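These are the structures in question, set out in turn.
Each of the next two complexes has chain A plus one more chain, namely chain B in the first and chain C in the second.
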Partner chain A sequence: MEVEISGTDTVAVAAVSGRIDAYTAPDVEEQLQAAVSDGRHLVVDLTATDYVSSAGLRVLLTLAKRSARGDFQMRLSGLQEAVREVFDIAGFSRLFEVRDTPAEALAELSGS
Partner chain B sequence: MRLRLWGVRGSIPTPSSTEELTEKIVHALLGANGIDLSDEEAVRDYVQSLPIHQRGVWGGNTTCFEVTTAAGDLLIVDAGSGLRALGEHLLEGPFGRGQGHAVILFSHTHWDHILGFPFFKPLYIPGNRFDIYARHPDIEGRLRYQHDFRFFPVGMEVMGATKSYHDMPEQITLFDGRLKVTACTLDHPGDAYSFKFEADGHTVIVACDAEYRELAGDYWQRYVEFYRGADVLVFDAQYTLREVLVEKQNWGHSSAMIGIDLATDADVKTLVMVHHEPSYGDDKIRRIFDDALRYLDRMPSVVRPRVVVGYEGLSLEL
Partner chain C sequence: MGLQRAELVVPAATEYLELVGDFVSFMARRAGFADEEVARIRLAADEAAANVVLHVTARGVEEAFRVVCEEAADALTIRVQDAGEPFDLGAVPIPNLDAPLEKRNVGGLGIYLIRRVMDSVEIRPTAGGKELVLVKQRPGAAGETHGG
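Moving on, here comes the complex of A and B:
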């Protein structure tokens, strides 16, 4: 699992590759929290994420709850079919703003 | 060792409604194409071929499990309403003659786990002996409280069987060493305990009621190690993952998806989902577990547990 942070002055784009499970979730959460610590909005790019377990969903939910409190805006992007199905099974799809590509999400948040 | 489920419903006994039973009959008849409905044997064969939740019910009784060793030692986990039916069953043997002995072990004393105790007929038959264990303090006082005349018409003094109360240590061997029991604290309001039963070369773990507040790190690993290698893990799957993490946080229960993650990480062979949500009908419980199986299919793991929906009467021989 790797998290690569890029983006702009106002939006962090976190590209997560590999699995987000019980063994990688703490590291993913630490890096995503760090990415928004300077007040930037957040795009989580899951294009290269091939598996998300309940632990991974919990990490994203934790950030979404912060986002709902108004700390920052958050978008998910690039969900593979297998990952999207896990979101659907868990009933999580409607809890997140999901965009097809990170570029689309970045453009949207850059304008906000 | 044998595990038999007598109560699999969470929180409160949940009888099936007429509407639900009517729907099952309608669906069964609609699916009976080609069956000669005047041939009783053919009809019985057809009905028997239907899934358990269509020809019957997962079950509305609250938590009660029976663990039996190959030598015939009997241990009962929790005294939910399922205990009443177990009592009727036991009356056919030595317990009906006042010659039975069993251990009753309590995971905790929330009412859905104790309300069957006053209805357990073997307790009223002199000569039967029960050793009653709990990790919580004063289990006798807690059970006696339930028999107070304000809540139940007869006091515990009417129960003629011999009852001995014990504080359950973290680990104990019972029945002259034939059954080892190890306890593990579970996150649940007021605490609950998981029990690992080891006998006859096999391991069965019962783990309800439980919420898993962290799904990673040392917290997670503690449970993975406790559950590691179990032949059977009986798991609290009352809620959906969304309910656990969003809508019913701190209510003390878990989900099928978390159970699958834990069982996979711990190399559990068979995962049995229990403590079904009382407001969910049998079809919805089936759909939740179908979703859980889809989740399991998406896992990259090579070795996956067998996943079973727990129902009243399910018996697993090890």
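Moving on, here comes the complex of A and C:
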């Protein structure tokens, strides 16, 4: 698992590659929380994420709850089919704003 | 080759979860499951194993646990066995999927995901602890359920 942070002055784009399971989730969480610590909005790009377990869902839910409190805005992008299925089963698809590409999500948040 | 049984014993540490997933995926593929079903079976085994690791870690001990895959003519059975106490699966709260974001619980999703992707899930006491028994009907087997 790797997290690569890019983006702009106002939006962090965190591209997560590999697996988000109980082993990698603490590291993913730390890096995503760090990415928004300077007040930027957040795009979590899952284009290269091939697996998300409930541990990964917990990380994203924790961030979404912070986002809902107004700390920052958040988008997800690039969900692979297997990841989307886990989101659907867990009822997460309705909790997140999901875009096809990180560029689309970045453009949206750049205007806010 | 005929119907196979294979087992894997690994330390109860999260770094071994990927190995558990690879093992179970191999056995599921061998049993003839299509890729998307292999992914679901892997998810269930990963969640079951992660649950064991979480509870072993909480007890502050170092233990191994065992994952057994058994092919039968009609199904693949995965047994995740450890030294922990059996618990009542029925008492595990079902997440409220309709709850708004602020009311969604951060935990409790693992068992729910397992139930949704497998055909049956049971906890049984064993001589040395407990086992979580996950069953998936093989493709084309009588009694196969769809869309569960």
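Convention: the second predicted complex is superposed on the first by the 112 of 112 C-alpha atoms of A that agree within 3 Å, B and C clash if a C-alpha of one lies under 4 Å from a C-alpha of the other, contacts with A are read in each partner's own complex, and residues count from 1 in each chain.
Convention: a contact is a pair of C-beta atoms (placed from the backbone, for glycine too) under 8 Å apart; a residue touches a chain by one contact, two chains touch by 3 or more.
All of these numbers come straight from a predicted model, not from anything done at the bench.
Bringing the complexes onto one copy of chain A puts chain B in a clash with chain C.
Shared-chain residue A:41: touches no atom of chain B or chain C.
In the superposed pair of complexes, A:53 makes contact with chain B and with chain C alike. Using the contact criterion defined above for the overlaid structures, shared-chain residue A:75 touches neither chain B nor chain C, since it reaches no partner.
In the superposition on chain A, A:19 makes contact with both chain B and chain C.
With both structures placed on the common chain, the touch criterion links A:99 to neither chain B nor chain C.
For the superposition on chain A, the stretches of chain B under consideration are 73-81, 109-117, 163-171 or 235-243; the one running into chain C is 235-243.
Where the contact sets of chain A with chain B and with chain C meet, they give residues 19, 21-23, 51, 53-55, 57-58, 61, 82, 85-86, 89-91, 95.
Contacts from chain B toward chain A in the complex involve residues 215-217, 220, 224, 240-242, 245-246, 255, 257-258, 261, 265, 291-292, 294-295, 298-300. Residue ranges of chain A in contact with chain B, taken from their complex: 19, 21-23, 25-26, 50-51, 53-55, 57-58, 61, 82, 85-86, 89-92, 95.
Chain C meets chain A in the complex at residues 14-15, 17-18, 21, 36, 39-40, 42-43, 46-47, 50, 53-54, 95, 97-98, 101-102, 104, 106-107, 109-110, 112-113, 116-117.
On the chain A side of its complex with chain C, the touching residues are 19, 21-23, 51, 53-55, 57-58, 61-62, 64-65, 68, 81-82, 85-86, 89-91, 95.
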